[in-house]
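Next, two complexes with chain A in common: one pairs it with chain B, the other with chain C.
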Partner chain A sequence: CDSRLPLTFTPAPAPAPARDQFQEELVIRPLHSGDIYASFQFRTLWDTDFLQERQKKVSHYRLFPKSLGQVLSKFSVRELHISFTQGFWRTMQWGQPFIPSPPGAELWVWFHHTVSDVDGNWKELTNVLSGIFCASLNFIDMTNTVQPSASFKPLGLGNATDHRFLRYATLPREIVCTENLTPWKKLLPCGSKAGLAVLMKSEKLFHSSFHSQAVHIRPICQDEQCTSKAWELRQTLNVVFDHYTSGQGKKEWSLFKMFSRTLTEACPLASSSKVYVDITDNPELFELSPATHLLSRAVVLGDRRTYSVYDLTRAETFGQLRSFNLLLRWKGDNMLRPLLHAERYVAGFGLQTGEIHTVIYNNHPYRAFPVLLMDSVPWYLQLYVHTLTVTSKSRDNKPSYIHYQPAKDRHRPHLLEMLIQLPPHSMTEVTVQFERALLKWTEYTPDPNHGFYVGSSVVSALVPSMVAMSTNFTQDQPLFSSFVPVKEESSYFVRVYTEPLLVNLPTPDFSMPYNVICLTCTVVAVGYGSFYNLLTRTFQVDEPSPPLAKRLANFIRRIRGVPLLA
Partner chain B sequence: MSNDFLQMHLKAVMSCLVIFLYKVHTTKAGQFFSSGHTNNWAVLVCTSRFWFNYRHVANTLSVYRSVKRLGIPDSHIVLMLADDMACNYRNPRPATVFSHKNMELNVYGDDVEVDYRGYEVTVENFLRVLTGRLPPSTPRSKRLLSDDRSNILIYLTGHGGNGFLKFQDSEEISNMELADAFEQMWQKRRYNELLFIIDTCQGASMYERFYSPNLMALASSQVGEDSLSHQPDLAIGVHLMDKYTFYLLEFLEEVHPASQANMNDLFKVCPQSQCVSTPGHRTDLFQRDPGSVLITDFFGSVRKVEITKDTINLTSPVEPPIQRSGSGDIQIESLTYVDQLPVAEIIHQKPKQKDWHPPDGFILGLWTLILLVFFQTYGIKHLKHIF
Partner chain C sequence: MGLLSDPNRRKALTNLLTRLNAPICMVCYLAAIVWFMGLAFEPFTLRTYMSENAMGSTMVEERFSSGERALSLAKEFDAHKTKAGGMPVEWLVKAMQARGLEVFTQSFSRKLPFPDENKERYMVRGTNVYGILRAPRAPRTEALVITAPCSPGNSNNQAVGLLLALAQYFRNQIFWAKDIIFLVNEHDLIGMQAWLEGYHHTNITGMEYSPLQGRAGSIQAALSLELSSDVITSLDLILEGLNGQLPNLDLANLFYAFCQKLGVLCTIQGKLQRNDWDTAEGYTHAAQTMMLMVLKQACGRSWGDHGLFLRYHIEAASIRGINGFRHYKMDVATIGRLLEGMVRKLNNLLERLHQSYFFYLLPSLSRFVSIGYYMPAFGLLAVILLLRVSFPGLMLHVCFSVSLQPSGPGVLTVLTPVVISHLTGVALYLLPVHLQEMAVEHFPVSETEAVVLTAVAIYTAGLALPHNTQRLLSGEGTEQGWKVLKLTALLYLAVLLGCTALINFSLGFVLAVTLVPITASMTPHMPKALSALAMVLLSPAFTILYCVFIYQELIEAPVSVSEGWMLFLSVISQGILDHALYGSLVYPLLALFVYPCWLMFWNILFWS
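And now, the complex of A and B:
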């Protein structure tokens, strides 16, 4: 239909050179147990200034999503990291992930040093993000927010790190489903219509052992000399497919089997679109087709790995059928031992006391290294800090730094941060006893018998690396190896999350108020009521009326004048 | 004489004709705006928690699917689901919610936005959404931003009884509260017309107490009757849909944006032979005749286009960005990344300066008590020795 609006059009000035670029990549890493780990990374780099230091307010958005840009400028955010995870990352079976995340939702934000009311900004930011990501992030409030004093240093550029501008919160109960994936996909420049994002079909992604989607925004260096900074928006999606549930038991994977789709084109807005397959253990472990000669070597997590690269911006990758499908077939088995591993559990019995045990394993044969353990426990588990013990190899291990902030009921959770030196090839155990609090009856959730969650502990460590890592920050590095900035060559930074805990609190019987009312009313009605009747009612003797035959007989007798019957 | 008579007749006929033509013209223009609404909103609520209430989530999602298909965008739909069935660990097919057995129709789909989920679905939040009294930091997707020309569809499903609807097994909303909420909406002119559908046991009791104008209500069962569920799926292990909403979904699948089906057809959905319970409806508060109300007035978002012949000036919104000056005033020293685990720095970290807070009530009270006791014991004359 034609529009009948005559328009007058002033000619626009020549469009400014685009200062934003978008890169997408998919890394596939076959795991030794037959499962497969796929990690999508989408990065938008934009040379602009959200915090309005020099320019006027940003109003024209091209590749960078407007909803996030407005959030950054309104709340003066320096760095934002948010992740939604379903499942738990099994470090012992799968190794280390490229970007770790705890189960549930995790949000940590560094605010700019010009912000005067950090708590107010934090509260509004969580509400706005809950609308953007369709998640219940509005449940983040002062009872589950902490301010770590040494963990979670900024991953982006900057020099001042005053921890008063950092806020960290987790929601271990948060469910991740298609309603969180839909707005996440809408933030991508090509949406889910072209490029690697066409593979993201929720029916396959959520039928997996582990699913995690995250958004990381931080300022990074634009070039080698690092004279100017640009904003980086990184959207990552990590998924581990289990060969029993989705692979039908066969150790054979293809893109079609994993995602029920094949790739047909790269995103037209992307400057680079690549698929990497980890072939370090090839050819003893598995075979890969279609073969490619493009190889890339990168040092990832302290290990030099080789990758086959498929460039989707080249037409020949798609072949005759205009569709790209990878096929991997397993041949052998091999075990992997990660260097750092942590787990956590609750010990004890009953509903009054308990003990939290956090166990950290250092599997390096001869090197010791420090780890920073951060624990954030909700206020209703009242920790007894005098029972805190740290033992390694059955001897006491005194931490070199302890920061403890006690909880305030209904106001603030416990925060415990410790810097522990792990001896080589050892197991370190941190135990602390607690007592469970009785909540007010309106504070219980509608399903209190499920239990209450305690967020994961975070173990941050500098693990010695087996190969030397380069500290130069180049633009050509694949995205998955350049997330954490490397400051020294001999060790790499890693973060390990433990399991969240599920703790039962003493739960009252919610039907008791109703029972009490019924019982009291019955007792009052029966007891008092009958007593009242006894005292206030008068009794009269009432003659019963004689039967009909007698009445008739009396009537006849009266007529005859004879005395009546009794 | 006859001439005059004829002339009078002619004049009368002419004027009648003119009046008739004028009326026809105005009714045509009148019909153009006869429904009176310019935008559509939908509030779809599922109030039940736990896996065995799968069917209530499937009910709500099937209405959501129909409403989206007929044109109402996500920004105009407030979807509240009290529990997550699609990614529940007991769901054998994750990220799906089926409405027909043998897994024929996935009503959850690939493009769904749930605004209130889990513990957020409470009576308080529901009433706040309806009346618009939300805290200032609530995002737009969680608000019902309707005006006096909005047609709103409200769909509730869950477990209910005579005069109440249960929310998440822990609280309930009564029919009087609901009627009062609608009256508040009317007084603030938050709706033009409102269609209320409820699929619970004894659902008709929920609309008995309505007293605001322009309300039409439908329920799946009368007072004293139970609404029954439709069919279980043996693979999933629970009942998938309720009977009333199942037949409602079948009816709505036939409706398309240009369809002329009206409310009388909707009242005939699921008669007692199919539903076992008797669906009821209430139209006495509604001003238009239900036969003239289209289904798409509430379930769809049919926009009316006004054509104008005026000229509108458009200016280019893109401002040329300020080019950064060369190397004059930019800092030349290179920026660095922060050390992620600076062990030496952490060990020698000074305890952070705590912000000074004025002493709180307990300390002040304690000191007042001490001073009072002191002056009580030793007398006020010692005051001058202190100050």
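And now, the complex of A and C:
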């Protein structure tokens, strides 16, 4: 931790060695498209152990939210990542985000290896989280849960690779709104009353092009030697503001314009509270006021960036007005191409078959690199795996690793994971055909004509870096650059989510059952009945019996031996 | 049903049907015509209503006001179009980018099977430009499309101007839940076809195109815009799409609702609505409007750029600005507001448009005839064919002959004409396009004329078939033979017309009206010359000719016989082109099924 809290801001002096600490951080990155990206990160570190069974249960909570701590120990969770996103991260315009997330809700959890009933724990956990975050996570069940074998490795301590203890699910249809933001804000030690969180006014956060909030919990090392372990809770919130709709065409931004608030103090419980502004492209692209002399350099996502740092724990940051407002003015425009980029769409028409196309771009001029593609497709799209093709530069590209788990109708989705080598400066297309299943009439959603969602596919890759990544693990790195551990200098980890798909399934006209019942009953009763009757009955010509007098006369005639009467 | 299992009553019914067969058939035919004409009578039709809740109750406020900007953009577009001699791709890309859209282009090329003389094109090469307005906080799963064709000459500049002005206005709004694609397509339908095939990554018509770079999920609805003047007097709504497909009626209702709200004169088939339904003129007007719709639907071509969307299950309509000589004029801003309102309501949709009717006829914009009302008219015609199957002696005779003499001449006598008629049909379908080079070499005609005249020649040559068929068959045709053939042909025609009417009611009905009377009464014992004349006059080709004349009469542009003949030839070439370019099914249906079926009856007439 870099700086002690100034005495003027601390209401009560902390006990000598605090076992938990809290940091907050806001990064503002002007994007090349002219939009502005604001990323909040809040980190709580606590060197306790929720999973130690021999010790007594953790019961005294200070900064760490108790609701989450109890969940961790009850369900023996080793690592938990949950994100709620409204909108789609436009990689082509905005570059890579600090922490990517797919549209809708995403949840992935590594359970402790002592858990015997993983599925049971998972089911309960999703229901509990559903309550905590006020979201429809209870719709996660076995039909949309998968166990990826390679794409989602633990990000924290420990190198367990047995994916039996991993569960991954997405809800692409989940709509994120203020009701999810409020419980998320309540997990912060200062709530939304002080510190950076005062900026989170929902009417502004949801007046944006992209909104994503997430919670990541994992065990990490306390220091470089990893002598002691600590639990890290990271809460992140990413917003992209559209200069066009809110700026009325004027390319000018300030904290007040973005959030309709200015900052007046740091969270008193925070050991560090900083605002970073990406000024790498300064002064060509924009000018910043007030200027600061504090600069920080970091290597983020394969790029060397320079940041202006505003330390909110210092009184001089707020100036004479005791309020801190940042102003940005654009001067120019330029465009950058992200090295890795993916998109997906459904090809074909009609309601019987279709084809899922996933297109992955490697924009690196001369380096090839492998990517892991993970696709989880609901069972009602019946994939024809024999039609799977991977082509790069119009040549067949054989994946070096394929993990495929076929779906079971109404029980389990398809899971397809592939390791694909992307040639330099290329477009790789993965296609697979599918047939749309006919659902049972109770399985349709209330609005079946809207269509059915297929979650984003996930592309995970170690992208070759243009500059050397720093691998040394130090505490004073900014939070946004320290989420994914960097193992080697030459590459950095990127995860790209494609857009979810909306697929129409053959849908009966639900307003017609009455007509259909009438029609079928009529056809069965009239048509089938009479035809069945005609086909099965044997017809005989029925001779009418002669009257009694005639029979008597014939009887007599037979005795007499004369011809009978006709 | 005791009626069928009781032999006595069954006999009575059969007797009745046999005895009164001809009168019943006549009554059915007249009833069908009367029923159909009655559909346009207002008290018999239903008032249109909005079925989709998401569009009905939520009124939107239209604020678009940059009509002037739209016009100046139109002028600029015009200048760049004349300078570039076609689509000003670079200017459009810049203009769309400046409005904050993600812009992409698609180039395409298509070689027509033979030159299109109406539009003067053969080798088509072009570029589509489209910009995607990304909806904030939406995951790229749904989209709406607004298109404006880049037409040659002076037309449609205002549509492109309005499109750009709308894009600029829409970009500043926060309420979009679906991405909006603004598309300017070159070479009208061909460009549209290329774009749609590119978007859905299919290739059904052999088009060459570059793959699309940007997409926006599944398209929910599309509007095509055609404006050629700064002020307009009324807006015309065009619904008829490829193969007679129609968009959901709610789309028409939406257009009508906004025209009412903004006080815009709106027409359908170019005809204003009248309120005097109880007068003869009022009824005639409604009947004419409906007849126009039937004729347009029957010909199976796409009457606007919207028509190609329907194949992909995207509800679409074209809106065309008309500048007539009326006093009431409105500016581009009003049309912009109308479009804004429509797009905003479509944006509110939670599901695809599916609540309202997909099968309907419109005698006016506020009245519609649903499938339940118009189908009986066709049903009455189809019943005639089934009644004729039970024609005295025909059914029973055939049944007996088949059951008693399984090795009789029946099969061969029937099969030969059937096969030969169908081979003629295949020749009519394949040869015109494939033989054009040979025809051009030997005759002093252009390719288009060659194709059409070859088609007419093959059609006429088919009339000589009965003699050839007879020569192939050893021996004389028997009485039994023609009855078997007639039974087959009647059942064939009934199934053919029934299937056609289910998919495209208008086509099925028009064919049935002309084909049913003559085919139902055909026997070899009728006076040859007279019935041959009647058959030819009621053959599929003459049906097309009549349709051309009636259509011209209805759009108040009557033509002379020679002009009509020229139009008839161009209709045939257009039909063949529509089939090759967009996959319209009317030409193959007529050539491969209807014409052979008619030839089978022609065979019966000359049965010796």
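Simple rule for what comes next: the second predicted complex is superposed on the first by the 496 of 566 C-alpha atoms of A that agree within 3 Å, B and C clash if a C-alpha of one lies under 4 Å from a C-alpha of the other, contacts with A are read in each partner's own complex, and residues count from 1 in each chain.
The working rule: a residue touches a chain if its C-beta (ideal position, glycine included) is under 8 Å from a C-beta of that chain, and two chains touch if they have at least 3 such contacts.
What you see is a predicted model, and the numbers here were worked out from it, not measured in a lab.
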Touched chain A residues, chain B compared with chain C: B
Touching partner for A:Pro423 - first (chain B), second (chain C), both, neither: neither
Partner chain in contact with A:Gly104 - chain B first, chain C second, else both or neither: second
Touched partner set for A:His357, first chain B, second chain C, both or neither: second
First, second, both or neither for A:His207, with chain B first and chain C second: both
Touching partner for A:Gln86 - first (chain B), second (chain C), both, neither: both
Touched partner set for A:Pro546, first chain B, second chain C, both or neither: neither
Partner chain(s) touched by A:Asp447 [first = chain B, second = chain C, both, neither]: both
Chain B versus chain C as contact partner of A:Gly529, first or second or both or neither: second
Contacts of A:Val346 with chain B and chain C, given as first, second, both or neither: second
Touching both chain C and chain B, counted on chain A across the two superposed complexes: 86, 206-207, 447
Chain C contact footprint on chain A (complex, rising order): 86-88, 90, 92-93, 103-104, 172, 206-211, 242, 244-246, 248-249, 343, 345-351, 355, 357, 447-451, 453, 499-504, 509, 511, 526, 529-530, 533-534, 537, 539
Of all residues in chain C, those that touch chain A in their complex: 1, 4-5, 7, 100, 102, 134, 136-142, 171-174, 200-202, 215, 217-218, 311-313, 350-352, 354-355
Residues on chain B engaged by chain A in the complex (per definition of touch): 49-50, 84, 86-87, 93-96, 106, 108-115, 117-120, 135, 137-142, 168-170, 307-309, 311-322, 330-332, 334-343, 346-347, 349, 352
In the complex with chain B, residue positions of chain A that touch it: 4-13, 15-16, 54-56, 59-60, 86, 123-124, 127-128, 130-132, 134-136, 138-139, 149-150, 153-159, 161, 163-164, 173, 175-179, 182-183, 201-203, 205-207, 221, 225-229, 370, 372, 400-401, 419, 445-447, 460-462, 484-485, 487, 493, 510
